[in-house]
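Chain lettering (A, B and C) follows the sequence in which the chains are written, and residue indices restart at 1 in each chain.
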Amino acid sequence: MSTTDQTQTTAEKAKAPRMSRYTSEKKAGKSNQGLHTKKSIILTIVMGALLIYSLLPLFWLFVNSTKTQAELLNSFGLWFSGDFALWDNIVATLTYNDGVFVRWFGNTVLYVVVGAGGATFLAALGGYGLAKFNFPGKKAVFAVVLGAVAIPGTALAVPTFLMFSQMGLTNTPWAVILPSLISPFGLYLIWTYAMDAVPTEVLEAARMDGSGEFRTFFTISLKLLAPGLVTVLLFTLVATWNNYFLPLIMLSEPTWYPLTVGLKQWNMQAQTVGGDVIYNLVITGSLLTIVPIVVAFLFLQRYWQSGLAAGSVKA
Amino acid sequence: MTTLSTLPPSGQTRSSQAQPRPRKPHVQKRDWTGWKFVGPFMIVFALVLIAPVLYSIYLSFFKDQLVGGNSFVGFENYGQALTDPKFWESMGRVTLFFVVQVPIMLGIALFAALAIDSARLHLSSFFRIAIFLPYAVPAVVATLMWGFMYGTKFGLVGNLNEFFSIAIPNPLGNTWVLAAIGNIVTWEFIGYNMILFYAALRVIPTDLYEAASLDGAGAFRIIRSIKMPALRPAIVIGGIFSVIGSFQLFNEPSILQSLAPNTISTYFSPNMYAYNLSFSGQQYNYSATIAIIVGLITAVIAYIVQNSGSRKEA
Amino acid sequence: MKAPHSNTRLRRTALAVATGLALSVSLAACSAADGGGAETGTADDIAAALQEETTLTVWAWAPAVEDIATAFEKKYPKITVDVVNAGTGNDQYIKLQNAIKAKSGAPDVAQIEYYALPQFALSDALVDLSDFGMDSLEDQYTASTWGSVNLDGGVYALPQDSGPMAMFYNKAVFDQYGLTVPTTWDEYIATAEQLHAANPNAYITNDTGDAGFATSMIWQAGGQPFTTTDSTDVALNLQDEGSKKFADTWNQLIENDLIAPTASWSDEWYRGLGDGTIATLNIGAWMPGNLESGVPEAAGNWRVAPLPVYEAGDTASAENGGGGDAVLAQSKNKLAAAGFVEFMNSGEGTQISIDAGGFPSTVADLESDEFLGYESEYFGGQKINEVLVQSASDVVEGWSYLPFQVYSNSIFSDTVGQSYANKSDLNGGLTDWQKAIAAYGNEQGFTVTE
């Protein structure tokens, strides 16, 4: 954005591996401000309102996943009612249609592991390449990546579908995985992160020692990039876990559905001749869909916050 | 709103910024080593994004009719789109959406980030995580959930009306539907933007605060002169993401459509229009044209947002 | 997919000659040489194809199809039937359309509702089943369902279920407020006023504007707004007598706020059906199963009565929903696929479908004592099929859908739906709809006359 930015110039001054500094600065900053400040009740209350807003729908989801189909339609939405049917609902969700939910869960995990993992890897290679090497066409790479992402993805669905269909990829996991391998945001994040996290001096030293570029990348650079990688991984993880539109178009066999598409299909099932009305399973299934990703975020929050810090400041 | 698959267009300045650095001679040669690293990304990128875009451009010059088959029509589709009232109505709607919803969302996120960073908050790390949680909820699930709650008869809105004997207007009626969708999007992305801003605040060097407090600056003064300048790049990123997200609005209205068919038309957002043209109307060519125009407009607006963000600093 | 036509004729002639001269042995050889992908065939060809190792892919969302497939595999052990739920209704049509556009990926057999059938049939995406001798099955089906699959001289699907309309009403509500069951639409409007006056939360029915319902109502009123000749000439008139009759009647309900603005199939809708705030439904005969599974708490409350009519003493009815099963032109196993479609909709499959709650389209089943005599526990022991079967025979003849009905229905809420939302004259909405349909038709190269 600008070279005159104050943080930027300050950051430029601070040499050496940046990563450890982020965390230490963070702590220092906090305690430093903390010295002069009292806790504010009013601020806490205002933020409490925001908190309620954020959590209320999740609370609603939880409450309603404890209800039977009949209670679901005939009780106050924000409190428990009737038998506590959460376990029954979970069991029913997991066993409905010969356990197709479990299958969808497995598919989602597959798409996430290969898709998000692959996206992170490609972004790491590419971002590192952009940060640490000058090569012909570098600016073009940037312009092309930027230009292409502004086109609405949904509108590209048909051409993509027709192309994939010609290649025989539709209705296979590849149709979902291939597009999720691209994370322009991840590429950008690693790019900015790698500029400082991987000091050029270290690379020079490795070259002096006769290490190949890829060997240097895998043995040295990758470790230095770790916090940035975790951040990208988490964001691509959310993106693939929440992916809905693409699999909806590409897949016709429910055996390859991810959770989101499967849940929508269950929701639609109420409209079928002779179909079951299973809103309770839709709701419980939604809850089960959210849990793993929430857990992932909670456990890894320390990493992604510091990684994100690099990206946001650098812009 | 998909925020993740988008790229903030700020690296051009970034790469020029890199140039003043002292460079070793071998870097200055026409060295193709970088391509070995960027290549894999670009190959997949070419396959899943560039090729469909090119294909779309190709399609936009043809017209394939159910009766009469395929024919080359030049720029006819573009002419049609530029005078299509449905298209412009949908563009107007998402413009309104982004003008109103984006500032509100970013404002709340900014407030939350500053509050959590201020050290004046009880249980701040709990707040941080809890407010961030909705981001982890898939848009499909979030919309289904809010859709259930919006019900005026038996949903949460109905419950509240009954409980307090009030009359909250139908969130999915003509007047409020855009706000109802804005609410879902805001709910989903406040936490994401908050973390983005918060992360930027955390790396402000402590010596700046020390200097400020020595000068006797109060909390608001610190916010204005230290924190806001430091936040500007993050705000620009958040803004650009949100612009692109607004113009690509699709999941939320299309899932709510089954609940409010008369208020959410098939051309509610440009993206829905393009989708319905191709998938229910089989007008693949015209749909591709719309997609390209939307893409161009989005890119231009994102560019303007980025520029205005940097100009203020200069 | 048009290319094979001249071939078809040649081959049909060849087959006729062959049938005349040779034995089934040579026929079996012929179909074997085709790998079962023949464009035409006789019952014998089909029988032979069913004895060969084949995997059929079937796209269907009706739950009974799974059971039918199992029975089929048992009868023909060499055939594997892969039943795929590719989405309900429109979701599946989108995928089907994509596969047709991509020229690969379509199933061998697909479930397609009657209203969507012309769109796929007239674009040559489906096999004309009369090439497989199935035009002879006409007598097995009710006139209205056969009319829905018999398009432009071809048979593009075999009817699976049907939806002759009836009025489902919540007797508990009617008893509570002392309402009598209406037999004409005028009485229906009066009942709506009575009910809503007695309980402002209760409505006679819900409707937020539904193309399927509106077209069925126009159908019942004797309207013929869509006429297609030679597949490409479309005549539109959504202001013909029948259309106006519907609009004028329904206007009285909409303008006076007598209809619950609840979208059908939403969770609110199910709640309303359960708690009595939605007192009647005018809908296809396939509804009982959905009531039983979706509204279990109202067991015993609901009854079925004939659909109210426009003129007292009339017996007019219409079809609402229902569909058939078609063989896709992309299929490489057309003979076996045709065999499955026949098994499903004319053979053993029909009973399985009925057992799963489907409402049949086959005359023999509709008239069987077992079917007519069935006393539904959910409906308080009422012999509901007597009412529903009567409706099937009262369906007004001569109705047809557009060759692009799926798209037209998708823009119904953009146009007619606005009349619902603004509580304004439906005739205006219908006129807008017609304009939008005409514009699309012209855009797609049809010759549209209004």
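Everything below uses one rule, namely that a residue touches a chain if its C-beta (ideal position, glycine included) is under 8 Å from a C-beta of that chain, and two chains touch if they have at least 3 such contacts.
In UniProt terms the chains read A = Carbohydrate ABC transporter permease; B = Sugar ABC transporter permease; C = Sugar ABC transporter substrate-binding protein.
Quick caveat, the model's predicted, so the values are computed rather than measured.
Listed by label, the chains touching chain B and chain C alike are A. In terms of C-beta pairs in contact, A-B outnumbers the other of A-C and A-B.
Remark: chain B and chain C have CA centroids separated by 41 Å (rounded to whole angstrom).
Centre-to-centre separation of chain A and chain C, using mean CA positions: 42 Å. Centroid to centroid, with C-alpha atoms defining each point, chain A and chain B lie 15 Å apart. Contact with two or more other chains is made by residues 98, 101, 265, 267, 271 of chain C.
Multi-chain contact residues of chain B (touching two or more other chains): 148, 154-155, 279, 284.
Residue positions 73, 158, 162 of chain A each touch two or more of the other chains.
Interface residues of chain C, counted against chain A in their complex, comprise 59, 61-64, 84-89, 91, 95, 98-99, 101-105, 161, 265, 267, 270-271, 274-275, 286, 289-290, 293-294, 296-297, 321, 356-358. Taken in their complex, chain C has these residues touching chain B: 90, 94, 97-98, 101, 123, 208-209, 231-232, 260-263, 265-268, 271-272, 277, 403-404, 406-407, 410-411, 413-414, 417-418, 420-421, 440, 443-446. Taken in their complex, chain A has these residues touching chain C: 69-70, 72-74, 158, 161-162, 165-166, 168, 170-171, 249, 252-254, 265, 268-277, 279.
For chain B in complex with chain C, the touching residues are 65-68, 148, 151, 153-155, 170, 173-174, 258-263, 265-267, 276, 279-284.
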